[in-house]
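Two complexes follow with chain A in common, the first pairing it with chain B and the second with chain C.
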Partner chain A sequence: MITSMPQRGRRAVITGVGVVAPNGIGNDAWWAATTAGTSGIGRITRFDPSRYTTQFAGEVDGFDALDYIERRLKMQTDRWTWMGLAATSMALDDASFRPAEHDPYSMSVITASSSGGNEFGQVEIQKLWAKGASHVGAYQSIAWFYAATTGQISISHGMKGASGVVVSEGAGGLDALAHGRRAVLRGIATVVSGGVEAPIGPYALTCQMATGRLSSVKDKTAYRPFDGQATGYVPGEGGAILLVESLESARRRGVREIYGEILGYGATHDGHHPWACPPHAAQLTRAITLALRDARIEPDEVDVVFADGAGSRGWDELEARALHAALGNHAAVVPISVPKTMTGRLYAGGASLDVAAALFTMRHGLIPPTVHVDRLAPDCALNIVRTSQRADVRTALVVARGYGGFNSALVLRRMRAADIPNDNDLEDQ
Partner chain B sequence: MKRTAITGIGVVAPGGVTREAFWEALVAGRSATRRISFFDAAEFRSQIAAECDFDPQAAGLRPQEVRRMDRYAQFAVAAAIEAVADSGLDLASEDRERVGVALGSAVGGTTLLESEYVVVSDGGRDWLVDPGYASPHVYQGFVPSALASEVSVRFGAQGPSVVVSTGCTSGIDAIGYGHQMIQDGEANIVISGASESGISPISMACFDPIRATSSRNDDAATAARPFDRDRDGFVMGEGGAVLVLEELGRACARGAHVYCEISGYAGRGNAFHMTGLKPDGLEMSEAIMDAMRQGNHKPSDIDYVNAHGSGTRQNDVHETAAIKRALGEHAYRIPISSIKSMVGHSLGGIGAIEMAACALAIEHGIAPPTANLTQRDPECDLDYTPLVARRLPIDVALSTGSGFGGFQSAMILSRDALGEAA
Partner chain C sequence: MNEAPFTYDDIKHILVERIGFLESEVPDDLSISFVELGMDSLAVVELQLTLQQDYGVTIPDGDAHVAVSLQEAIDYVNRQRQLDRVV
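What follows is the complex of A and B.
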C-alpha cells in the first residue's frame, strides 16, 4: 500500500530503454547508426512538402505499428501513441520487466508530450469542416489529447500507480523523468517515462514553421548547432521511453545491468518573453547549476554533455555562455555532443532520446558524434565531438530547452554491477 | 518535508468571472449552462455549454497578450492576476527564482488550432494546408506549454514551470505537481491551477459520437444534472482557476491569510479503458485513501466532498462506490456536491475550479449545492446536497477527479493543522 509521500533513502535508476528514432528503430539499430554518424534526416516523404519552406525532417522510415500493437488499437490512436507503445514494449523487454508479475499500484506511467495526436486531430478537423460534425469519429476524443499515450500505456500494461503527462516542449523529456524520479521517491517501484513525438504532418509543420526557428535549407545537413552558419533546426519524430525504477526494486529483481542513476535535476524558466531569446543566460545556467548541486557533484566530474543545440545563432550562443558559466574552465574541455543532428529536434522525444544516448555512452564508453557541424561560431568555444570518441564516461549532463523559456538539466551517473550497493549499504526500506 | 498553504485564489468561471462572483453564484445554486453562443451548433447533438462572459482587458490583460494568447491562456493569466493580488504577495520584491508555475489543461490551444486550420486549409478543403495564411501565433496553439510560459513571463517567475495534461484530472494533478514542488523544496511559491476553453466545434464534435455530453438542448439551464436519475451526460464548460501555493511556514511568517493547507494528494489509474469506468470505483477509492493517509485523516475527519460528478451515469455510480469504499459509513453523513451542475465540465480546467470551490467552502463554512438534482438516482444513495447550499463548519474537504485515460485523482484541503504551524 503506497502512501505518496517522500521517503528517505530511495534512489531512482534506469533499467530499460526503448528507442524509435529516425536513424534506427530499436536500441541496437539506433545506437549503431548513432555512433557511426548516420543521419535519419531526409526530404519529407509522408506528404508532398513542395509548398513548405522547410522540406527536410527526421522521419522514422519503415515503422509499422502492427509490429507492436493490434489493428484495433492502431485505428483508435495517433502515430505518436503507436511509437510510444512500441518504445514502451522495447524498454520493458530491455529491462526484462514483466508488468503482470508486479503489484499494479506500484507501476506508474509519466510521459512528456508536446503536440499530442496532432495528425489524428488534423484528419478529424478536416472531416468536421469539409463534411460536417457527424463525420467526426468516435476516437477523436481519446486519440488527440496529450494524455492519450500515457493512458494507453497504462491500460496496455496494467499500470495503476500515480501517472502523469508533462508538457514543456523540448524540455519535457527531462521534466517527465524528473517527475518519474519524484514518484519513485514517493514509493512507486517502476515508472514508464520519457517521451516521443510525431510532428511531421502538413498542419503540424505549418505550426512549427510559424516560430521562425526551422531551417529552410533543403539539405540533410541543414541542422548545424553551434556552427557559425547555423540556419535553424530540422524537426523530427520519435524519441525514447525509459524504465525508471527504484534501486530497491531493481535489486530485488536481480537486475545486473543498470544503465545509470538519475542523480540530479534542475529546472528554471526564463520568465522573460513568450518566444524571444533572453538577454542573458542566467536561467539556463542556473538549471545546470541546480542539477549539479542536486547531484552533489562538482562541474569537473561531468564527463560528457548532451547539449540542447537549438541550431540558431542567438540560442546557441546563449547555451555556450550558460555552459561556460555553469562549468567554468571545464566547459572548454568536456566533450559535448548533439546527436540530435542525426534525428532532428524531436520536442518531447528529443531530451528523452538524449538521455538514452547518455546511458548508452556510459555503458559502451563511446561518445556519439555531432554531425554536419562545419566551423564552430567564435562565441561557441566548446569541445564539440565531431566523430565518435572512446571515453570512460561515469557522469553525463543532459541539457534541454523548450520553446517559451523552459530550461532543464539532468545528471546521470553510470551504475555498473560493482556500483550496485549490497544490502548492508542500503537503508531499511 | 515542507507543507503547502493556499494563500491566493483567482477564478474565471461561467456565471462568475472573479472569485467572489463565482462563489456567490455557487452558493445561490445558479446554473450557467445555456445554448452555445460562440458558434452555430445546430448540427451538433449537444448544443449547450457553460460559457464565460469574459472580457480579457477588464481582467487585466494587455492588448499584446490578448492578441497572442488563445482563450484558455487568457483565462489562466486573468485568474493568476487575481490570485496573486489576493495573496498579498509583492512578487517584485520576492526571489523570483523561487517562484514556480504548474498549470493544467486537457486540450490546450485547440480553439486557436481549429480556427487557424479553417483558414490555412480553406475551410477543410486542402490537406496540404497553406502556411502563408497562418497566424504568427499558431505555434502557441500547437503546444500547450504556452500556458505555463505565459504565466511565468507575466510574473517574471524563474522557478520551474510546467504544464500538466492528464485530461480531465489535469486541474487536480497540476496543483498536485505544484504541491510536490513545494514539498521537495524546489520553489517557495507556485502559481498553480488550470484552464480550458474547449467550447469549439471540434471539441463539441468529438464528444457527440460517444454520447458523453448532454443533448437536453431544449432545457439548457437545467441540463447538467449529476446524480439525478434523468441526467444524460455532462455539459461542456470552460474557464479556469489559479491558486497561489506557498510554503506554509513562510506564509505564516509573513502573516498571510492562509485559506487552508493541502494535506493530501494522490492519483491512480484504472488501467482498464480510455473512457469506461467499472462500477466498483476501486482505483478512485485507492487515490482517496492514499490522500487521507498523507494527512493522517480518518474518514470521520472529512466534512465535505466536492465530487467529480460529471453527470454521466457511469461516473455517478463509479464515484458513489469510490466514496463509500474510502469513507465507509461516514460517506452517508456528509454533504457531497458537484459544481459541474452549475459551471459545466471544463475538462482540464474544472479540477482547479473545484479546488478553488473547496478552499472557499472551508473559508465560508458553506457546502455549495448540486443544482438541478430533483430526482436522485436510486443507484446513488448518498447526500448530494441537492439544490440548496448548506452551512456547516468545514475543516477538511476532499475533491475527486476522474478522466479519459483512466486517471483518478484526489486532493484534500484542511485547516485543522494551521494553528499548530502558526
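What follows is the complex of A and C.
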C-alpha cells in the first residue's frame, strides 16, 4: 500500500548500480580505474577549447548511445539522457530487476539534474538565432528540460509510480536518493534514482565559467581539493544511476547481494548568497549532524567519508571545519576520499557516483584514492586517502554541496547476506 | 525550393534523417499510418516542420495527424505545393 507517511518497518536498500564515468563505462571498468587511481581528466576533445579559460574536463570517451538505446530515441534526446538511460540499463541488470515483471505503479523514477540537455539545446537555439523559430526541431520541447531523463527512463521501462526530478546541483545526487528512500518508506517497491550530467559543451562550459570556481590550470592535475595550492575544480560528465528498493521487495525477489542500506540523510541550505562561500560552516555541519542522527549512529561509527571536495580554498576549509564540528575528534582520523579528483565534478551526477564508490568500497573493502593532492592546506587537517587503502568499511558518510547553498549528507550501511533479516524479523507490509 | 514531385523516397529520407528510423524500418507498404509506424504526435510535428523548411509546404495543425498514411501524406504534400504554385 502506498501512503503519504513513512510506514513502520520499511527499509530502503540499494540493489543495483550503473556507472557512466570519465574513467570507465560500466561498474567493473570504472571501479578498476578508480581503485587504481586512473584519472579520466584530459584536455577537452568534444569541441575546440582554445578560447576558453578552462580547457580540461572529465569526458566520457567511447560512449556510444546506440549500444543502449534505439536510433529514434537517440535523435529525440540529449547526451545527458543517453547516459541516464545507459546507466539505468546497467543498474537494472546489476540488480537482476526486470521491470516488465512488476506492477508499473510500484516503480518510481527520481533523478537529479542541474543543467538539462545542454548540447541538444545549444544546437536548437543556434537554429533559432540563425534561421528563425520555425527551424527549431519539435524534440527541443522534450530534450532539454530538467525532467527529460526521468521521463525517458519512466517511458522506456514502464515505471508509473510517483516520479520527479531534483534540481540542487552538486547536492542533487544525494537529494534524489533521499527522495527515493522516502518513496520506498511510503510504500513504493523500487525507485530508479541517482543522477547524471553532460555539461561539456561550449554553451554549458560558458555558464559554468561564470561562477569563477573552475580551474584554469591546463593540466590533468588541476583539481586538488584540500590542497594548499587548490586552483578550483575541473568539470566532468557522467554519473551513476542506482536502484533503491524496499528490503521487503529485495528479499521477495531473492536478491542475494544487497549493496547497502540508506540509513540516514540530512539536508540544509546556507541562505547566504547564490554563489559566494558562506562565512561559517554551520549549515554544512548541521546537514552532517542531521544525517548521523537520522541514521542513529555516533560519529565514530563512520568508517569512511566521501567528501564534497570543492577544490577552492575557502570552500575546502569550510568543509574541513564542518567535518571537525560534526565528527569531533574522529574527523582527524577517519579516512576521507575524493574520487571526484579522477572524474572532475559531475554536478548532479557527482554525488550519486560518490554513493556508488561508497557502496563498492563497503563491498570490496577497498577505499579509492584522492589523486593529485600534494600538500594539504594547514586549515584542512584531515586524513585524506592518497592511495587505495584496504579497510573493513561498514558505514560510509557521503557529503555533497550544490551551487546556491545546498548542503546534503547521506549515511550508508553495508548489508551482507548475513545482515539480511529473515522472515521472522520482518513486519508484514 | 525543390520543384520535383514529392515521393516515397522523400518521405523515407525524412523518416530516417529527422525521425531516426533505420532504413529497414520504413515499410514499402504506403497504406501504413504514422501511428502504426510507432510515431507519436511530436514526431508528426517534427515531420511537419521538416516539410515546411525543406519543401516549402505549410501544413495547418489540424491536417497533421498520426492517423495519416504515408500515401496520404505524399499526396497531401504534392497537392499543397500545386495549390501554392497557383496562388
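By definition in this document, the second predicted complex is superposed on the first by the 424 of 429 C-alpha atoms of A that agree within 3 Å, B and C clash if a C-alpha of one lies under 4 Å from a C-alpha of the other, contacts with A are read in each partner's own complex, and residues count from 1 in each chain.
The rule is simple: a contact is a pair of C-beta atoms (placed from the backbone, for glycine too) under 8 Å apart; a residue touches a chain by one contact, two chains touch by 3 or more.
Everything numeric in this text was worked out from a predicted model, so none of it was measured.
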Partner chain in contact with A:Arg72 - chain B first, chain C second, else both or neither: second
Partner chain(s) touched by A:Ile142 [first = chain B, second = chain C, both, neither]: both
Which superposed partner A:Asp316 touches (first chain B, second chain C, both, neither): neither
First, second, both or neither for A:Asp354, with chain B first and chain C second: neither
Chain B versus chain C as contact partner of A:Thr211, first or second or both or neither: first
Which superposed partner A:Ser134 touches (first chain B, second chain C, both, neither): both
Which of chain B and chain C A:Ser163 touches, first, second, both or neither: first
Of chain B and chain C, the chain that contacts the larger number of chain A residues: B
Shared chain A contacts, counted only where both chain B and chain C touch the same residue: 76, 134, 136-138, 141-142
Chain A residues within the chain B interface of the complex: 2-6, 47-48, 51-53, 76, 104-105, 108-109, 113-116, 118, 121-122, 124-134, 136-138, 140-142, 144-148, 150-152, 154-155, 157-169, 172, 175, 179, 182, 186, 202-211, 267-274, 283, 286, 347, 402-406
Touching residues (chain side chain A, partner chain C) in the complex: 70-76, 134-139, 141-142
Residue ranges of chain B touching chain A (in the complex, touch as defined): 1, 43-44, 68, 96-97, 101, 106-108, 113-114, 117-118, 120-121, 123-125, 127-131, 134-146, 148-150, 152-153, 155-167, 170, 173, 177, 180, 183-184, 186, 201-202, 204-210, 212, 265-275, 283, 286-287, 290, 293-294, 403-407
Residues of chain C that touch chain A when the two form their complex: 18-22, 38, 42-43, 45-46, 48-49, 52-53
